[in-house]
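Listed below are the structures to be examined.
Here subunit A shows up in two complexes: once beside subunit B, once beside subunit C.
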Partner chain A sequence: MSTVAVEVVYRGIFQRTLARNIVRSIVFAARKEGKIGTAFGRYGDSPERNGIPAKQFAVVADDAEELEEVLARYEPTEVDVTINVDDTMCKGIESWAWYGLQPINQLTKPNGTLIVTSRQDADSLVEDIHQKDTPFDLSIIKSTVSFSGLWVYKDDHTDARILGTLCNVCPQLFSIDSMLQALDEQGNGETKLASAQKAYDVATIRTVEPGEGNSEVPYKFELLGWQTMEEGLVIRAQGKGGGFRGGDEGFQPDRNEVFKKYSTRSMRPVINFETCIKCTLCWLQCPDTCFDITPDGLYDANMESCCGCGVCEAVCPVPDCVTMVSEADFNDNSSQWEAWQEDKPSYQQWMTALVDKQKAETRTHGFHHVGGYTEEIAASEDA
Partner chain B sequence: MTTVQDLPQIKGVKNIPISEGYTSGHRTCQGCESALVMRLMIKAAGQRTIVVGSTGCMYVANTTYYSTPWVVPWMHTQLGSSGSAATGTAAGLASMMRKGKMHKEPINVIAFCGDGGGADMGLAAISAALQHDEYNLLILMYDNESYANTDIQASGSTPYGANTTFSPPGKETRIMNKRWKKNTAPMLAVGHPDVKFVATANGSYGLDFNNKIRRALTIGGPTFIHSIDPCPKGWDYDPKFSHELGMLIVETGLWVQYEIIEGELTLNGPSRAIARGIRKRKPVEEYLMRQGRFAHFTKEDIKIFQDRVDESWEKWWLPGVIPVTMGQD
Partner chain C sequence: MTTTATNELFQTEKEELISGSEAIALACALADVDVITAYPIRPYDTVMQYVSKLKADGSFDCDFIVAESEHSQFEIVKHASSVGARTFTGSSGVGWFYAFEAITVTAGLRLPVVAMVGNRALDDPGAFGVEHNDALAVRDLGWMLYWVATAQEALDIALLAWRVAEDPTVFLPFAVSCDGSFLTHSQAIVNVPTSEQVNKFLPPYDRGKLQLHPDNPITIAPQVNEDWLMEMRRQSDEAMHRSVGVIKKAYEEFKEIFGRGDPSPFVEEYMTEDADIIIVGMGTLALPVRVAVRRFQEAGRKIGFVRVKFFRPFPTEELQEILTKCKAVCVVDRDYSYGAPSYGGVLFTELRSALYPMEKRPLMLNFIAGLGGREVHVTDVNDMVDIVQKAIETGIIEQEATWIGVRDN
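What follows is the complex of A and B.
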């Protein structure tokens, strides 16, 4: 039996075109070698939302019968290669389709490969990725994570680099020549083919041993089934909320117990409480009700609710008071205000370092203006 | 007519209520302005409110399996029936109270619908609701200019030339959606002379938004608010610009902020300053070129757009509101 399944885990809408380009090209390349394949998005992820993790699959088989055997299932139960196009999802993903966190490598077969686009090194990624009982290979494509939108695609060759790497780490799929031919036939220029070839040439793997990596048990929630639901299909409302951290002062809304936005974020705000002028704008304009009001009238971004949109940063009138930084720099969801209360000088130091780092490696979240992507690609090539 | 709640106008952004009626647990997009609109709506209305929502993003994304972000009672209704559901809820409450089955107290009834559910499918039901002037209710139409939930199909509210699943720009024909945006709020105001409050609103102007909701809920009878909600998914922009685009659409004069209180029109905020000549309209290009859905526009397309906006301010009988010009006599 030689069926090969590949999954692409991506940020909804932002990386939808990227994921589609990858799974389609896999099928086209397989056809060059007389194989048969199919590419599809997971039904449960539709309708996609900006930033919420989603999946697309490509399945390649020697003949139609083998392919049908795999497709008789709703989606592949295990894959030879997992492609993760945003490294912040290495911490695990929570999609539309389920409640609770799933490890990024959940479907990766024993000795399968996880391909990640990232500027981080292997060790810091392995720290985030959940442990498995079986070994798997990690292959990193050193590049800025590629984000665009629904209509305009940022063609920074991330798709070609991933496909080139895929040919190297999963040679049973097809040869690089078939892939280059398929890319050429889809109307990709020579520079893009060169990107694929180069990625193929330089691809490396690092084996992750059983027991290596993040030891945390992914959280999950039990919800009522159809036989145990309340009469009239009533769903309990959220509570009214109350004082900050259960106290008498400030305010903290009640938050949904079964859906946390941890994995929806690829960035999160850090707040300089010392320059905050308490203008209320971040709190008022947050679509996710994310800001708790502290007893001293400041606004503490609660990471249970934050989906990392960056509106707070955009509306804040004070320079560098709210700054969106990469989610990859965090290992927990603790309160920044509490950390600041505990030790103000070291909080300021920690925050300033993060803000400076963000300025050095700007991570963007989609379309800014016509021609913006060309500027971004030129800037990242210079870097 | 039943009594209304005491919801005074809010003076100053610092006096906006801190209580929340819509919290976390929704799987909307990053930077979803419609989620903000839901939150602001219930902030202004308070906890003694029943919300009825027709199908759309604010139904689907807010009701993943057995979970809800709502603090107040909420119920789903079908796509085109926000008007009938609002009337039915208000009538039901009135009847229960009359029969003594419920404690007598004013309860706000708000029905929301998207532009697909309101401006397209539910228009007749909304019109019917606005004629039942014995019931106090508010219909809020959150307009993200497409059927955004099902992946951006064009609606009657989609602007000229925008890229949608139904109107993808091609090599031969660049502009596929040739319709101008439906002018929903004035249509309902003009068509229902007994309605005491019709307004346009915008989540980027939070205080104004809160006060319009309160005015609608306290003036008595059925009321209608049309809110414009930038949509990072369908308009294709970095989610952090939701607030900024909400302001730009007003500053370019493409969207006009106003309220019609008992037949009297008042322009609000930047729209008022533009009408009085205190503030110049920004070129509409600044707004268009920030969104991927207009990325295919050429200079000529932008000019067509700008000319239409200019015309609405310079020639319309009520600038930006009613597309009628005075005849010769």
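What follows is the complex of A and C.
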């Protein structure tokens, strides 16, 4: 018996078509070798929300009965390969389908493979990825993370490169020739096939040993049962909140104890408290009430609530006062204002370096990307 | 009378990687449906999305009307059907309920509308996962009701649906029920037949002298009192009786033309021979149950499974014959019926009623499971079988209906 399961972890809406192309191509390629397969998105994740981590699966088997064995659980309990198409999710994911943080490699089988598209190096990613009791292989596809919208698809060959890499790291699935044939039949051009072949040729792995990686225990919540749950579908509201950190000055709203937005973000705002003019716009416009008002009347983005949408950056009238920066540059969710209070020169240095790096990398996220097409088209026409 | 066109898309048999919803959309194109109405609600909306795509791509020509509500959606196909158009529509959960007035009159007027119900939990709370209560709500109204288990079956049964519904001796609407998510959002390999095969199986819809047309001046749906109504109800009852024979004949022809299908159109038997316990359920529940049954059989335990495919007309005789051979029946309901006899589910209550006249009656236990799209795992099936096994050994049923997979804290 041989069944192979592959999951694609992606950011809802922004990477949906990418994930769908990958799982469907896996089934098509398997079909070339006489195998049977199925491709599906996890219903619990849908309807997808912008940027919220979601999953799609491809399961391939030798025959229908074997396939049924795997699908007796709708969502596979373990997968041979996990494909993560946004490296910031290496820190773990919380989707619509469950409460609490799930390590990116939670379903990856012992000696399975985690494929990540990233510009980071292996050591930097391993630092984010939660430890496992068993070894697994990490395969990095050097690439800018591919984002697009719900109705548009940025065909930057990320799908082809992932599929080529997959053929290399998981040879029991199918040959690269079958994959190229499947891609060809789906109407992909020669350059895309070449991208798949090249990714296959250059793919490398780095084994991650047991105990190596992020030692954080992922947060989780106990779900109520029918005897402890409130009747009548009632959910108690959050309290109004009070002074900043429980003091008399400033303000911070009470926040939900079982719903945190850490893994929703692929970027987060960093704030230059020294140029802030206290106009209140970020605080007013933030759809998630994420800004705490500090005793000195500044606005501190609280990472428990920030979903990374970038509205604060868009409405801020002061240049570079709020800048969206890749989530990959952070290892915790601590307060920026507190860091600034503690050591202002160091904070300014750290913050300026991050902002400069962001400008150099031009990392985008879906929200930015939706509005970014006009500029991109203009740029390409100029060139 | 409409003609059936040969669609260029379906010249040769081919494989597609599609969901159950997409399979039904292809069936619409194959059957050259004339009027399709839509109103978005998930998981049903996956059908309308694919129909729109086929139409936009120029692969399928039909009147595709996106109505302003489910009520209008079902009213439009009802009227279209009365003038002789082949029709398709569908909905899910409370959307289906919003159309309820139109749904009852469609059956009352003997109009062969085919609808897809993407099974979804009824609000509140708003939930997207599968429960069978939405489709089951029409069980008393004259709708034929079928639960499919695979994307392939979805395509096949949609074709069967028009064939049976539009048979002049039947003229009743037909609902194809598909478990939300498991069928509507999973893509499987489906064999798509040719137009030629479908045309051979499915004659054009001919409403004959019941067709509303200027050349055939008639009035439909007058107001009546007690002096007329009971006879009309009796006619619908008889039509449902007649549908049984029509289904059997159509299914035999289906198997001949398309080369696939089960022995019976009404139920699917799986390892029921000499079984001590037979599990009964509907829809995609078949997947984990079949796996569990295989494992029991490998371990030498005589456990079988029957999937009820047609819920209306209810396969009474088939089930009486199969189920009276075993010691105990384990009915899994993906629905609820608060305050029903023994607090059991709908399928359980119907089955127990079907078996009451039998001389040899098996023990019957009921399990409410998989509500709101919760998965029914192989381990859940094992738990049910354990409870049933205990009842066989002691001869005592401690509790007739048990909720499985619910958090009890």
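Points to keep in mind about this one:
Keep this in mind: the second predicted complex is superposed on the first by the 363 of 383 C-alpha atoms of A that agree within 3 Å, B and C clash if a C-alpha of one lies under 4 Å from a C-alpha of the other, contacts with A are read in each partner's own complex, and residues count from 1 in each chain.
Keep this in mind: a contact is a pair of C-beta atoms (placed from the backbone, for glycine too) under 8 Å apart; a residue touches a chain by one contact, two chains touch by 3 or more.
Note that the structure is predicted; figures quoted are calculated from it, not measured.
Steric overlap between subunit B and subunit C is absent once the structures are superposed on subunit A; the two fit side by side. By the touch criterion defined above, A:Val258 reaches subunit B but does not reach subunit C. Contacts of A:Leu224 after superposition: both subunit B and subunit C are touched. By the touch criterion defined above, A:Lys240 reaches subunit B but does not reach subunit C. In the overlay built on the shared chain, the residue A:Tyr99 is in contact with subunit B alone; subunit C does not reach it.
When both complexes are overlaid on chain A, the residue A:Pro47 reaches subunit B and subunit C alike. The vertex angle at subunit A, taken between the C-alpha centres of subunit B and subunit C once both structures are aligned on chain A, is 70 degrees to the nearest 10.
Using the contact criterion defined above for the overlaid structures, shared-chain residue A:Glu313 touches subunit B, although it does not reach subunit C.
In the superposed model, A:Gln285 makes contact with subunit B only, not with subunit C. When both complexes are overlaid on chain A, the residue A:Glu69 reaches subunit C alone and has no touch with subunit B.
For subunit A, the partner touching the most residues, choosing from subunit B and subunit C, is B. Smallest inter-chain Cα distance, subunit B versus subunit C, after superposition on the shared chain: 5 Å.
Overlap of the subunit B and subunit C interfaces on subunit A: residues 46-47, 223-224. Residues of subunit C that touch subunit A in their complex: 15, 17, 42-43, 124-125, 128-129, 180-182, 185-189, 287-288, 290-292, 373, 375, 377-378, 406-409.
By the touch criterion given at the top, residues 13-14, 16, 18-20, 22-36, 39-40, 47, 60-61, 63-74, 149-152, 163, 203-204, 206, 232-234, 236-244, 289-293, 295 of subunit B touch subunit A in their complex.
Partner subunit C is touched in their complex by these residues of subunit A: 24, 27-28, 31, 36-41, 43-44, 46-47, 68-69, 71-75, 223-228, 233. The touching residues of subunit A, counted against subunit B in their complex, run 12-13, 46-52, 96, 99, 149-152, 223-224, 229, 235-241, 251, 253-256, 258-261, 264, 279-281, 284-290, 293, 304-305, 307-311, 313-315, 324, 364-370.
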